[in-house]
Amino acid sequence: MQYSLARRAAAEAVGTALRVATVVGSGIMGERLANGNIAIALLANTVATGAALLTLILTFGPISGAHFNPAVTLADALDSGTGWRDVPAYLSAQFSGGLAGAIIAHLMFALPWYSVSTHARHGLAQVFSEFVATFGLMSVICGCSRLRLAATPYAVASYIVAAYWFTASTSFANPAVTLARSISNTFSGIQPVDVMPFILAQLAGAGCATLLFRWLAPARFALAMPRE
Amino acid sequence: MQYSLARRAAAEAVGTALRVATVVGSGIMGERLANGNIAIALLANTVATGAALLTLILTFGPISGAHFNPAVTLADALDSGTGWRDVPAYLSAQFSGGLAGAIIAHLMFALPWYSVSTHARHGLAQVFSEFVATFGLMSVICGCSRLRLAATPYAVASYIVAAYWFTASTSFANPAVTLARSISNTFSGIQPVDVMPFILAQLAGAGCATLLFRWLAPARFALAMPRE
Amino acid sequence: MQYSLARRAAAEAVGTALRVATVVGSGIMGERLANGNIAIALLANTVATGAALLTLILTFGPISGAHFNPAVTLADALDSGTGWRDVPAYLSAQFSGGLAGAIIAHLMFALPWYSVSTHARHGLAQVFSEFVATFGLMSVICGCSRLRLAATPYAVASYIVAAYWFTASTSFANPAVTLARSISNTFSGIQPVDVMPFILAQLAGAGCATLLFRWLAPARFALAMPRE
Amino acid sequence: MQYSLARRAAAEAVGTALRVATVVGSGIMGERLANGNIAIALLANTVATGAALLTLILTFGPISGAHFNPAVTLADALDSGTGWRDVPAYLSAQFSGGLAGAIIAHLMFALPWYSVSTHARHGLAQVFSEFVATFGLMSVICGCSRLRLAATPYAVASYIVAAYWFTASTSFANPAVTLARSISNTFSGIQPVDVMPFILAQLAGAGCATLLFRWLAPARFALAMPRE
């Protein structure tokens, strides 16, 4: 038995909206309060995002799988998880939910409902960072979802906390979130022209991790191993 | 078998008191030590509140359900959880426990036992923030309590950590806590005139989430799904 | 079957030593690096202490119960947990382990192996803070150990994180740790003359919580309730 | 059934690479953003490293055991865990993965792919710190892996968070990570001449903890005790 596609898409949309609202909103709050110390603003942004991700995956995971991320949905479809017929609904929900989340954050902070970001994030090192960030994220998802399912929400949230700091791009690692952040000229924004290279690097990173784990922990192995 | 109403109400009162003592006390401590950097004070406030919430839900959850929040109790009664006959005792315990918690915090920090807050928190954006904050909180509670019961304490604490930063109001999300914070003219206070709009927005947010989850994850579905 | 008393006492001694080494050591490190911002030093102190407590309870809990705290051992003996014949060994291990931990911290930071603290911590508000801190700690232990055993390490560590900030005394809540901190003239020290009032308040707080939980969640109830 | 040695070595290499990339990368990011407040930089470094360790142990633990650390592999071989025939592959994977991780971090931050560290870390107190740090780490691993297996990833990550602050050396506690940090002239680097004393102290600390736990919680005891 499975939840209806409408319910699953709604879960993806609401979850992605709250996720983006957290990234954008906590970025605004952090920057406003930190007296110019960017490290403190980013630390607040990190703690809020990690905590939101954990709670949202725990809440919506049993309904839709809690992807909130087109790269995850596509990789899952490649590995015969999500059916290809459901992919368009998932992707639409994620992109529209993400945009709605940015708008909600702006309204909470009494800002115009959208503003085009002028935050430049480009160059080879930034794009390579997104590749590494999404490679790591997808590795965590592949490994945990096959071998340690119940710990996946904690592992994914933890990964994002680390990736905010160890990649030079603060780890967007998500095409829907990347697009949504382009309509927010605030702390966590990205200028529209830099969106597409980020998304391509994210898809490449997710693809490589998926291939690696096909060899490293194939599903037929996982089934034969004792689960913790 | 259920704990007696007296025991459950006592658990709600003690838990809400310790929760409010944490919000108010850690706000005082944070502001005193942070040399005027509000982001650091709020970060300390956030960490302390999230940690307190986790430990209090773990401790009192098995006894009373660990609502500590009139909006949660009312939503739970609407969903046929808490019996309507028990609601007055729960609400009284939460409101009186909350006020006691603020007083305990003041005494620990050698302040007058109460002081009327002059901290203005009003305007549409603030009220909308409370709506979003409580909508999110109630979504987490509805989703986790039906589908992932054991993870609920971690999910709720995590949610509050995120909500401190992603909403413009720092997410009160609780009528009893809101009232209690009006008698504390400290970092986490709210002036009395702003209390009622906050409470109305909180109840509206909790109501919307409850309705959403009636459709999204109805109880009869939850029972039919394998629990993790 | 139970571990021998020698093994249990050794576990208490090593665990308490590492715990005090963390409190004292992270206090020194935090103060040295924080450029005079006490909130940041205390935040580092808090994170380190909470993390150490979690890991030490997980490690030594199955061997000795991981009390690391004379107030906990005494309350547990009153509730017929630890046998009275084992109490002297537990208390000796905790006090001596605590003192060893302070010395180890000093040697790691190239300080004289001990120094008498001149950090004044007195007055009614401070002593009341210790009462509240230990009341809360003992409530968490009583509630979780009866009703949610597996979550106890997380609940206790979380509690201490919160209590560092919501009490005015930063929550010593432990006679052995209090004594050990008197031989460290560093960030987390306490002058010897203030030790005894702290310890008395801690014992009073622990006693009150123990009595409350005898009524609130009596052991015979706990056994009859379904465990999560 | 066990994963092939090639798969296990690959898991150790990828995991150690991501671990070192986190230590080095988050150190660079923290120092760049912290406006000279080293405590904030170290706090970010701590949070990122602890989070990375948790997620990597959860991900790769079921495949290779997630040692990521030659001291752990050697101690495990002494205790008849890892077979001696597999040790060379584990150690090679860890050392080469660690070096690769440092290089990846440098490329993400647009730095030369390696640079010899000039960060002096020597003297008796520093070396004693590494002894204590690795003694504690190995105690946590011995205790949890025998008595509380499922909690080990949380316990180990928590330990490292604490050890960053309570030891004067910020707790390298890992020969492969120590070597890798010598090719990074950034926040978390160590000059090559200081590497060998660190590694010797780490091996001594790991050895002492292994001996202590042979007496404290012998494997034959662990099997006879009820697991939580």
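A, B, C and D label the chains in the order they appear, each numbered from 1.
By definition in this document, contacts are C-beta pairs under 8 Å (C-beta built on N, C-alpha and C of every residue); 3 or more make two chains touch, one makes a residue touch a chain.
Because the structure is a prediction, the values reported are computed rather than measured.
Rotating chain A by 90 degrees superposes its CA atoms on those of chain B, with the angle stated to the nearest 5.
Under half of the residue numbers found at the chain B and chain C interface occur in both copies, marking it as a different-residue contact. We define each chain's centre as the mean of its Cα atoms; on that basis chain C and chain D are separated by 27 Å.
Note: centroid distance chain B to chain D, computed from Cα atoms, is 39 Å.
Contact of a single residue of chain D with at least two other chains is seen at positions 37, 40, 43, 47. Screening every pair of chains for touch gives A-B, A-D, B-C, C-D.
Within the complex formed with chain A, the residues of chain D that make contact are 1, 3, 7, 10-11, 14, 18, 21-22, 24-26, 29-30, 33-35, 37, 40-41, 43-45, 47-49, 51-52, 54-56, 58-63, 104-105, 107-110, 149-150, 153, 157. Touching chain B in their complex are the following residues of chain C: 36-40, 42-43, 46-47, 50, 123-125, 128-129, 132, 136, 139-140, 143-144, 147-148, 151, 154-156, 158-159, 161-162, 164-169, 212, 215-217, 221, 224-225, 228.
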